[in-house]
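Look for chain A in each of the two complexes below; its partner is chain B in the first and chain C in the second.
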Partner chain A sequence: MAGDLKGEAMKSRLESLLLPLAVAVCFVLGWHFAVRWSGSDIFPTPKQVLSGTAELARKGVLFKYIVASLFRVSCGYMLAVLVGIPAGLLMGWFGRARAAFNPALQVLRPISPIAWIPVAILWFGVSDLAPIFLIFLASLFPIVTASMAAVQNIQLNYIRAARNFGIGGLELFKKVVFPASLPQILTGLRLALGVAWLVVVAAEMIAVNSGLGYLIIDARNAGKRYDLVVAGMAMIGLIGLGLDWLVRRMETLDEVRWGISGR
Partner chain B sequence: MSGKLTRIVVGALVVVIALGFTHAWLNLGFDPLRAVGLREAAPEEAKFKVGFLPVTCHLTCPVSDWIRKNMNGKGLFEPVRFSGWPELKEAHISGQTPATFMLAPMAMALRQQGIKSKIVFLGHRDGSALMVRKDSGIHDFKDLRGRRVAVPNRFSNQFLLIFKALKDRGMTMDDINLVEMPPPDMPAALYAKAVDAIISGEPFMGQTELDGYGRVLYQARDLWPNFISCVMVVNDSFAREHPEKVQDLVTGIAKSGLWLEGGMDHRMKAAVAVATQYYNQNPRLLRFVLSKPPDRVTYGNLRLSQTEFERIMQLALEAGILKRPIAFQEYADTRFSENTTGVGPYPWRGI
Partner chain C sequence: MTFQSKDRNKEAVNVLEDINLEVGDGEFVCIVGPSGCGKSTLLNIAGGFLGATRGEIRIDGEKVTEPNPRHIFIFQENSVFPWLTVEDNVGFGVKRSNSREKAELVAHYIEMVNLTGFGKAFPSELSGGMKQRVEIARALAAEPDVLFMDEPFGALDYLTRMKLRYELTQIWERERKTVLFVTHDVEEAVQLSDRVVVMGKRPSRIRDIVTVDVERPRDLDDPVYRRLRDHIFRVMGLDHSGQSLDGEDAPKVVPFVGRR
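Moving on, here comes the complex of A and B:
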């Protein structure tokens, strides 16, 4: 019986590895033959992209650019977390704060970070601050919205039970409201990290001279270097996958599994 | 917060700080040894920023910096490379780049819109081409009737060049389908037949020739002799407070322009240096556009001429990109340009 279970688990783990791998292989093969059959000498083949990536790594710029992008994204994202979670919790808990700020939030939320580029340059100039500001803006709204909704969705039983035990004020916030909101906040954080990483290309359109977004824009200026454009895209995708995996690991913590059961 | 969660938050902060230091060290020239006093700090003079794009219309900006650094060991200004016109313009009007290279009609339009900057010098002459696909049946300007033509920006002289060429042939803007497109995207658009013709500054036009699918329909000078696309623009306040720096910058641009005209040897050396150190392009591309033909783009006569600008103004008004005429003295400051009379090329033989 135990052996059967072990076998099942092994099979499922193998499947979760082999299935995406098979899709990736099919995609790369499809891409290769599509370029070959179309006869395009502008669009790169997977092999050309690989050698473009190797060229970047040899020159030492790949690592530099990854660090630059990761720094800008993590900085903007952390600022958004520091501002967004408390703001969302307060707006979720205090009806008046929500009534006052929610309309403004909903007005600002749908504006694409690309539209903020001119404002970012006018306010922050041509330094790292402008892209960090754009990433901060992009990730702030999902965090505020998720934190606000998380507090609003807390089961009243939790609050009532806590109050019966005489817990109130800041203690209630610390011991009940925040932990009970964490699962939903974490979903917001995961979403926001995806968005933050998504806007890295737009954010690095400003006159910075490093980063994966910059790599893509710079390769467009460098003539027929679409291999580097696609290499930049692939790196952004792969790192995005890694970041998402990290946040998903956080979801498995006991502290954030309050009131949710895994499937 | 539980211990585990605190550890995660602290860990994340440590990662951000570590990334910040690594980024500063790798990309921003931060020297950790100097920061802790283990290496002596070299005194560095604060330099003003000059904006440019990686196009041959702005070539004198990096060439001037490259020659100065090689001759004197230090540059006068900090060249800042942008990726597109909007960002270049915004950095200038926000005061981040007190001097910048810019499209001539855009500089005029900005002045009209109240931006306090003036044109002080030209960036180049010629250096644009109207390209079609080799296999297209377009052999004359009139063949463009009903076709899709890409220009860099409505405030570009390339737009006015198309307007002028149409007018000279008794045609109007309605006879062609004009689209605005960032120059780096133009070669791929021509290759994919998304557009029938493209026109912008080099090296993007030359690239289509080098890659074997583009053909020059006209060089800019065939349609507009002594064509000007980009000019150098300086903030009024910077010119008022630092006239000596602006003069130094303008004289340097004039000298590097003349140096580039000093023989093919100079052009080829500049092509390699600029492509590798400033533009991050394949040197082969810049070598091609600076030599085939040798007068594809010229840098010899960059002084401001009122007659030429009035011609641009007239066309801009007719094309509707400027709403009302403005006096030459309002958007141009000729004193720096006048002081370059008699200036010779940099006395430098190149590396």
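Moving on, here comes the complex of A and C:
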């Protein structure tokens, strides 16, 4: 019986690996023949994209651009974490703080980070600061909203039990409010990282001269190198997948596993 | 512990009225009553989580105004911290600063609630009954004088309840804490307590206080036990088969005279 169960688990793991792989192969084949049959000489075949990527890697710009993009994301995202979590926790805990700041937050939240681009250029010029500011803005709102909701959703009994044991003030925050909110905060962090990565590419298209977003615009403008455009897009997708995988790994930690519904 | 004529005004509805009760040191007292009669409200006021509109509760002569680590409240569910291991949960309220003493105390109470070997487990890996054991161990490890228990076994299945009742009796005989235990389960009340306080519908008053003078552990088939239980059912307006005693029968409750 146990062997059967083990076999079942192996089978479903194999399936979850093979099925997406089959889809990827079909997609690449479809892409290849679509380009061939349409006779397009601008849109690249998968093979051309691969050799374009290799060319970028040889020249050393691929690594440089990836690092540049990741650097901007890290700065803006970290800043948003440092501001967003404490702000969200406070707004979740103190009804008055929530009443004061939440309406402003809800007005700012639906404004796309793209709409802030002109303002960012005005304030920060053509420097790293402009995209960092945009990433900060984009990731701030999901983090604040998730942290605030996390505190509001804490089981009242946790707080009452802690108070009963004589825990109050800052200690209550450290020992109960923060750990009890952590799973939901982590969900917000995951969402925010996705948005941050989305925005870095858009931000790099206008203001700077490095990064994956810059690569895409530059390759198009300098000689319609669509093989490089698609290479940049593929890189963005793969790195985004990697970032999400990292956060999902954090969701399996004992500190938060209890509050994250099974996926 | 004294309860003095305390009412709680909630949206102009008197939930509790004219409740006067004294609980002795080391006594196990159960409060039973129909749901919505305010027995939990009473316990929450005693625990310091709610304020009384009139009247007061004194424990060791001190008026209750807020939660106090010497009087630990045990909830029905959802109050064991899921981000801490069993060990860390039990150690949460320990006041000893010596870490060796603390570890011994934690191990002692984990053993007392029969969870030896589960110290490093997280609550999500435990059953409902085991979580309540963790909660009881956590309360005892804080070395309180009084335990307030608000239907602590109310969310468990019947067999687990029976088992935990028996274990609680054993623990209480070793620890001799003052316990105020709220339940709607008359059997549970009679099996556990020295005295059963029977409350009626809103606004609630004490309908009767029944002394249970039967040796522990109590035999559910003991005729005295059964007579006490049926008496409480009658006070609550039911006969022992569950039929309502209405009109004429209901008020005709005669004070119960026990074995002695």
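By definition in this document, the second predicted complex is superposed on the first by the 255 of 263 C-alpha atoms of A that agree within 3 Å, B and C clash if a C-alpha of one lies under 4 Å from a C-alpha of the other, contacts with A are read in each partner's own complex, and residues count from 1 in each chain.
We adopt the following convention: contacts are C-beta pairs under 8 Å (C-beta built on N, C-alpha and C of every residue); 3 or more make two chains touch, one makes a residue touch a chain.
Predicted model only: the values in this text are computed from it and were never measured.
K.L.:
Return first, second, both or neither, reflecting whether A:Ala68 touches chain B, chain C, both chains, or no partner chain.
P.N.:
Only chain B is touched by A:Ala68; chain C is not.
K.L.:
Classify the contacts of A:Gln155 with the two partner chains as first (chain B alone), second (chain C alone), both, or neither.
P.N.:
After superposing on A, A:Gln155 lies in contact with chain C but is clear of chain B.
K.L.:
By residue count, which of the two partners contacts chain A more extensively, chain B or chain C?
P.N.:
B
K.L.:
Please work out whether A:Gly166 is in contact with chain B alone, chain C alone, both, or neither, and reply first, second, both or neither.
P.N.:
second
K.L.:
Which chain A residues are contacted by chain C in one complex and by chain B in the other?
P.N.:
On chain A, the overlap between the chain B and chain C contacts is residues 255-256.
K.L.:
Can you tell me which positions in chain A touch chain B when the two form their complex?
P.N.:
Residues of chain A touching chain B: 41-42, 63-64, 67-68, 70-71, 74-75, 78, 117-118, 121-122, 125-126, 128, 178, 205-207, 209-210, 217-218, 220-226, 250, 253, 255-256.
K.L.:
Quick check on the complex: what are the chain B residues that touch chain A?
P.N.:
1-2, 4-5, 8, 12-13, 15-16, 19-20, 22-23, 26-28, 49, 51, 53-54, 80-84, 86-88, 90-91, 93-94, 96-97, 182, 184-185, 187-188, 191-192, 203-204, 207, 211, 279-282, 285
K.L.:
Which bits of chain A are touching chain C when the two form their complex?
P.N.:
155, 157-158, 160-166, 175-176, 179-180, 182, 254-259
K.L.:
Where on chain C is chain A touching in the complex?
P.N.:
47-49, 66-69, 71-73, 75, 77-79, 81-84, 92-93, 122-124, 142
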